[in-house]
């Protein structure tokens, strides 16, 4: 079984080491595995990397993505229709690892597929597929002990989520199986909703840094390159999901095909990348 | 009066079921709710308001009622617990009243909930109107089209009704939509759980509020000199089932039977028997028994009784089934329809199709018992909402 | 407990109203009924059966309920008598239960009745099913088409439903059909009067059975420390009106207001205000106030509330109005609709359009009174049956 | 005002005197005034007399003929549509009297039009129109005192109705304003219903004779000439309504018009007349 050994014990930590050395912030995006097909999804992952994305959140499709807004719900439905599920998502990561052994991949999704596969089996298969971590939207740390133990046994981490209203006990937890970065959500509500103000983001990030030593990435509601630039000026990384998926949806609905399509995808991603890398001059 | 949580092994867990599988942003909201409910429950003023509304607005206590002609020959006596004789949403009103009172007490100005059969929507909309709370109800397009009187009633009570066009366009999608709405508005809005389902403390709150059914039934049976052999209830969200069973769970001699929807009954066709055929999973906030495939995708459910068609189950009930305290039976659409129709024509009592499942199961159970034994059937609501399904004009 | 006949000046007459204007073949049937009812009413066993069913089957006693937000500023307090919180036909069940019990006691195996809004039909069908009596219900085609859930419910209760295609194809035609059926089958079949209308002893029997409303209300008001200035009730067949008023008719200080349907309110359009605008005539068995032209032909009636649209009136009420004890008010369709909608959205209580007439009248009366005075509004049934008229989906 | 004085104080009594002298039984029919029009109705009354009818029950149309079956309900509706009512019925009788001063006419109908017109006014106008009596289906003697007093003041009578289940106190009443004959109804139920058996009719008539000295006529459910013959063998007269109206309805729906129609009407009436006059040989 070809299983490219990770370059470092943990690709996420390695990424932050590299970015810090370069004086840059991480740019993360989210895509649903097998949206719209397995092959297109695989091509898209590589496209992301070549366009400058540092870390990929790979959504495993779920029938009831309760925390997501309309855009990501639709993406889930497309992926399910294409046969996507947790196992196929692991397969996709494994296929991706054939040509990319360094870009960290974090699975993102819901608890039920994990529970049904079994935490131990999941952790084992995920490690084997070259997955680095997991974010489960409905799996708070206070419920996660069995999952964390399994992840830890296989060298994976769960990414904790922080929100301004949360008590630190619910995200700033030092425990085997927790690591990677802190996912800072400065707004309440499902994905695809309104954005937080710059002030709110600054305060949310500061609060995260107070309570945790993990790098802090900000997600939920980052809609424009300008906003991404603002976030990058205070956080260790920026996560953009809905905004890009909406753009890709529009591209898919247009006439563009083949390299013209790929070029357009790349241009969209690079707009964010360049904004994030640009020195921040304030909002 | 202890809350139902005293039945849980640890806070929020019933055996290994339950928990708080929600977006982390909701954790502080749940924690506040947990504390507020405990404080309210310890406050006689809250009980006074609750009991006044339970009487004046919901119509409690509801009677028990022994059938006369509806009873297989030489079989056990059948006693109905008549929560159809409540107002605005059958037994859903029991928990809507308590939760809306709690929301007001917590200083929240609005409530949001989901509804499948329309009853939880009607119950919540009515109570919210009564208490002057803004109210938003989500309902799947498919359910809304089938329950148009409920839709109109919800609107007449002044609630905002959000019709959900997504996913199964039924209860499960409505729940997801309501939870999303709540996530975005939790500072001003309480989520009203229609069933003892979801993240802690909802299963405890709802079961505690519904326990009034079991308390009443127990006293009424004693009063009537009846010692039941078995109690049967159809499991939708499980609110009436847990409400009834809670009064008898500590009597090991009394059988508790959870009746699930078998759908059309054709081999391979969708059903809703997740306590019997489900697997352990995590759904809508709790670890429980769910109908899901081996990749964890939820399976489509089906039943002629809209209130029974839900892929998750109350964690407390999952625990009671797994531990053997509660047994399950499966009744299909046709059996339930027939039971409801025969009861109506024979007794002048029109129960909902959900209760028809428990009724049909009671006939089966009763045939195995002596004629002097008593089985109790939970009637969660009246059949008014099902009239179009029960009788088609030629 | 005296029967309402003790209020009549001579047997079967209320002042100069009432009597037995029927085909002579029915006279011995009426005489037997009169005797049987008097005997039953003197028999504690009959009262035991009646009260048990009134509690278990009808859901009595029903609460009184003070509105909070629904009350014009600086106007009187409004208290509802909540017979909407009864089952199977609103307050019609009060008299259906007693009359079906009486039929059984008289050894009759069947009952027949008429229904306009469907409620008397549902009430009678349910009780008949419960007591094992065969049941035939007549309903006008126009009413049946507008009340399809009621039609289905009547059929689910196993009754034969005769749809009447004749005359106004509404209540009046249904009554004629039911009386014809009864005339042909009076040896085996009891006619169940939905209202204190028709030949003696029906007005007395129905008023006596409905008097439970007034007795309850009187005690409940005393209990609540309220002394009402006025009681208002919408007059359809008059069963809830006489039921309520009977508890207060001997308190000369309390105003009794019979509210009638004004229809669209346009000049010259049909209405149903026969107490106010009717003339003395003979209709459906009694001398009373009727809407008729100067040749004695009955005039078409109209109201958005089907239960109010009837050209005759209870003789007892005709006498109370003529003697000045009861005053009348007229409320039109629009005012009633608005009152029902505002009460639903403001209080979470959905009353029928019939009660909406009394409610709208209570607002008008209340504005003339001080804020600490109390007016009582009779709610005869819930608005479930009117949902289609109350809310049209866009 | 031309008002043909009655030949005798009471045309009904005179009719029975004449028939008894001839050894014949009375043949009575019922028609709704103005069914289908005022003029057709007037012509029909004379037609009846010339075809051998002895006494006419003239129905005054009512909007709610509660005691009648489908045939007579329909006849009422036709008459109402043609402008028929109690006043027009009196007008019709008055018109009839211009050419027929001997055939007794008894009004038949319901209480409400009488009550609304007022009993005194009604009795006065009816006497003026040449009416001899009144049968009101929903006006039992126990309720009739004011009406009887008014009838008596104007020389009219109310015809009492007897039924097997009735106590004699409800029909065999000797009181001013009551007279003419006893209307014996051997069946229960509305008009147009099933017929009574010969035995039942015999018993019903006997019971009437026991309690009253009025002539006894039998009505309700006499459907065929044979049955009429049977009734005539025991009673003083036979009343046929629904059966003849049904036949006339059928004739009106046919092609027959003019004298052909009149001939057919006459043939139908005469079939009953001849049966009634035929010596009875038993059923």
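First chain written, first letter: the chains are A, B, C and D, and each begins at residue 1.
The rule is simple: contacts are C-beta pairs under 8 Å (C-beta built on N, C-alpha and C of every residue); 3 or more make two chains touch, one makes a residue touch a chain.
Remember, predicted model here, so these are calculated numbers, not experimental data.
Asker: By label order, what chains touch chain B and chain D together?
Answerer: Touches both chain B and chain D: C.
Asker: Need the graph distance between chain A and chain D over the touch network, please.
Answerer: Contact-graph shortest path, chain A to chain D, evaluates to 3.
Asker: Mind checking the centre-to-centre distance between chain A and chain B? Centres are C-alpha means, answer in whole Å.
Answerer: Computed from C-alpha means, the inter-chain centre distance equals 38 Å.
Asker: Could you work out how far the Cα centre of chain A sits from that of chain C, in whole Å?
Answerer: 68
Asker: Specify the contact topology among the chains shown, as one of line, ring, star, complete or other.
Answerer: line
Asker: Dump the list of chain pairs that touch, please.
Answerer: A-B, B-C, C-D
Asker: Per the contact definition, I'd like the list of chain D residues that touch chain C in the complex.
Answerer: 62-67, 69, 73, 80, 85-87, 110-117, 137-143, 160-163, 165-167, 170-171, 185, 188-190, 193
Asker: Going by the contact rule set out above, which residues of chain C touch chain B in the complex?
Answerer: For this pair, the touching residues of chain C are 55-57, 59, 63, 65, 68-69, 84-85, 87-88, 125-132, 148-149, 151-153, 155-158, 341, 344-350, 382-384, 387-388, 390-391, 393.
Asker: Considering only the defined contacts, which chain B positions touch chain A in the complex?
Answerer: Contact set of chain B toward chain A: 19-25, 27-29, 166-167, 172-173, 175-176, 179-180, 183-187, 279-285, 287, 290, 292, 294-298.
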